[in-house]
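After the structure tokens below, expect a handful of questions from me.
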Amino acid sequence: MDKSKNQKVKFIIGLTLVGIIFLMMIAGIFCTPYDPLAMDMSAKFAGVSFKHIMGCDNFGRDIFSRVLVGVRETMFVSATVVFIGTFVGIIIGTVTGYFGGWVDEILMRINDAVLAFPSVLLALLVIGVLGGGTHSLIIALGIAFVPSFARIVRGEVLRIRNLDYIQCVRLYGASHLRIIVVHILPNLRTVLLSSVLIGFNNAVLAEAGMNYLGMGTQPPNPSLGLMLSEAQSVIFTNPWNAIFPGLVIVMMILGFSLLSDAMENKS
Amino acid sequence: MGNILEVKNLSVEFKKDKKPFFAVSDVSFDVKEGEILGLAGESGCGKSSLSRAILGIQKKGVTGSVKHFAKRPQMVFQDPAGSLNPSEKIEFILEEPIKVKGHFDKGERKRRVRDMLKKVDLDEEILDRYPHELSGGQRQRVCIAAALMQEPRFLIADEPVSALDVTVQSQILDLLRRLHKELGIAILFISHDLRVIYNLCDRVMVMKSGKIVEMGELNDVYFNPQHEYTKSLMDAAKTKYLK
Amino acid sequence: MSMLKVEDLCIKVHDKKTTDTLVYDVDLEMEKGDILGIVGESGSGKTMTALAIAGLLSRHDMEKSGHITFEGINLLEVERKVLRKIQGNEISMVFQEPLNSLNPLKKVGWQVEESLRVHTVMDKAEMKERAIQALRDVELDNPEAVYNSYPHELSGGMRQRAMIAAAMIIQPRLLIADEPTTALDVTIQAEIVELLKRINKERGTAILFISHDLSLVNSLCERVLVMQNGLVVESGNCEEIFRNPRQEYTKKLINAIPKNPFFKEA
């Protein structure tokens, strides 16, 4: 009884946080109270007020507007990164897990090699080759995310392909493609759902981290990580410059992890 | 009567701790059309490896010849939970064998599924359910139905009742007996239970450590066993089974 | 006073809205050294009854009522601490699937010793000696080798023997065996039944034997309860029920037993 109640509370809090984040993202796409790039020197370091509910930064830009756009950026980058990771991961994991043999050997060795690098280091390497900017950031993080998904999918496919029902379908004379698409992939969904949510969290963190290092979005465009990095020099005099973007990152992570937790225990 | 399966010098070799290990070694036998051949043996004797090699599910390390005289032999497994796709409804599972072949349109497929349900004594309402919502006996009936959808002439049943309650066991055995009579299908029936084999099969083979040690008519093997191992099995049955 | 007395045991499960009664008004009594069988199909409530007696049903959404009195203590109301003591010293249990009830990462010997480790203070050498003795008692050929092997290295029958050794090492007064032979070959089943019989005779351990197979129950037990849908439909002397079943359901269970060709009936 207690446990299910606990799950419910987690689910509601998670959903609320994620809901707020989504509203912010939509606002970031369609309308922000101010132009996030417009500088207003008269409002430099303006405090929290009705006019600027999160205050202004060193160029007098409205932090709330910048945060809204930053959320949009982060969500876009993270979602794309997870999509690439899952998509390529499913392909590699399924091929290696289902067919095995030398294909499996080779791909999994490469996979292990990639996995051995810390993902941030790997992303730095890719950005070093491709140059900065949002697109290279997405590609860099996407590559870094593939191996973990491939590993999860491979393990699951390996387990399922040895189940009796797959043998039955083989005896019906079904093709490999049909066995994979119709009989194996749908059974990956529970495992994938939770790892996608966890992966999304990691992507949010990685995106913020890379931007903090100045590897992604280029100024003056806003991103949460970049705003944190810009605010660090004024953190004692104007703490809201750092607090609000930081708070939003925390809300995202907390929201999605609570949600994934609640859903995982449900299934 | 002609043969439906001829197995000659079949061996299945595994590597165990780098040492070669024969799960099946030099096995030869025939299955006649329309008969139920029993395969008796304790777990680990290689009977599952043998059935997998016969159907080509296991290919690695298999030597010898397997000759099928009927198309698409099918198999029913021990664990009815594992042999059904957990995320599909029963209707989908039963349609799949004829969907793969692609000969029939949707209406015909549905009609055939419903016909088959009647044959295995299942209600139409289970079509809408998932495997985990069925009892063990119902699941095994679904497995048998799915195996018969392609109208095979030969079926391997690998311990199909061992995971079930005795009451359900006897129902499934009755079903197999009836289907065998109605469809004239040949069955290789694998079991560790000599009582079950006696009650269902026409002939019996006894397997031990990958080899067939004895093969023949039921009453000959049961009441006049030649091989030491068969003798010991029958002695165990005499003293330890109850009526 | 009897060793174990179960009166009016009801087990209900509350789902979100519905309430399911899994066990309804079960009464049973066991003296020291008794062998009692409970027989029924899956879903008859036999396993639930066994788990309740073993004190293993503590899930919040399960409501238990009635009395389970073991040596004068009501197990349904007793404190956790006392219950654990009883579980560790007086009642132990063997399950159906020996592969699932053994930890795959630990050596068999370690697992046989586990309840000694939890409930007594004993040095390693003595514990090992006791464990090997327990493995020898269940007629394992080479107890030292079994002690040092992992569960997957043993056959099903050997694993089940090891489980019985783990259960018997504390010398319990009551051994609950829940379908201990169902996953095994028929010949091995008979051997396990023989082993349980011997344990009962030599040590005086009472055995509660749960099975869906009336022929097995008949070869082991003196008395039997027949359960169906959570209810006890018939109970009494095993031989008598076997020879002269009163309920349709019991007849069905008897008829389901595969006929043995070596015992042709008139």
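The letters A, B and C name the chains in turn, as written, and every chain counts its residues from 1.
Note that contacts are C-beta pairs under 8 Å (C-beta built on N, C-alpha and C of every residue); 3 or more make two chains touch, one makes a residue touch a chain.
The model shown is predicted, which means the values in this text are computed figures rather than measured ones.
Across the assembly, the chain pair joined by the most C-beta contact pairs is B-C.
Most remote from subunit C, judged by the distance between CA-atom centroids, is A. Each chain gets one centre point, the mean of its Cα atoms, and the points for subunit A and subunit B are 49 Å apart.
With centres set at the average Cα position, the gap from subunit B to subunit C is 32 Å. Between the Cα centres of subunit A and subunit C there is a gap of 50 Å.
Residue ranges of subunit B in contact with subunit C, taken from their complex: 42-44, 135-136, 165-171, 173, 192-196, 198-199, 222, 233-234, 236-238, 240-243. Of all residues in subunit B, only 52, 55, 57, 72-75, 77, 79, 82-88, 96-97, 100-101, 143, 146-147, 150 touch subunit A in the complex they form.
Contact residues on subunit A toward subunit B in their complex (touch as defined above): 163-165, 167-174, 178, 182-183, 186-187, 189. Residue ranges of subunit C in contact with subunit B, taken from their complex: 41-43, 155-156, 184-188, 190, 194, 212-215, 218-219, 252-253, 255-263, 265.
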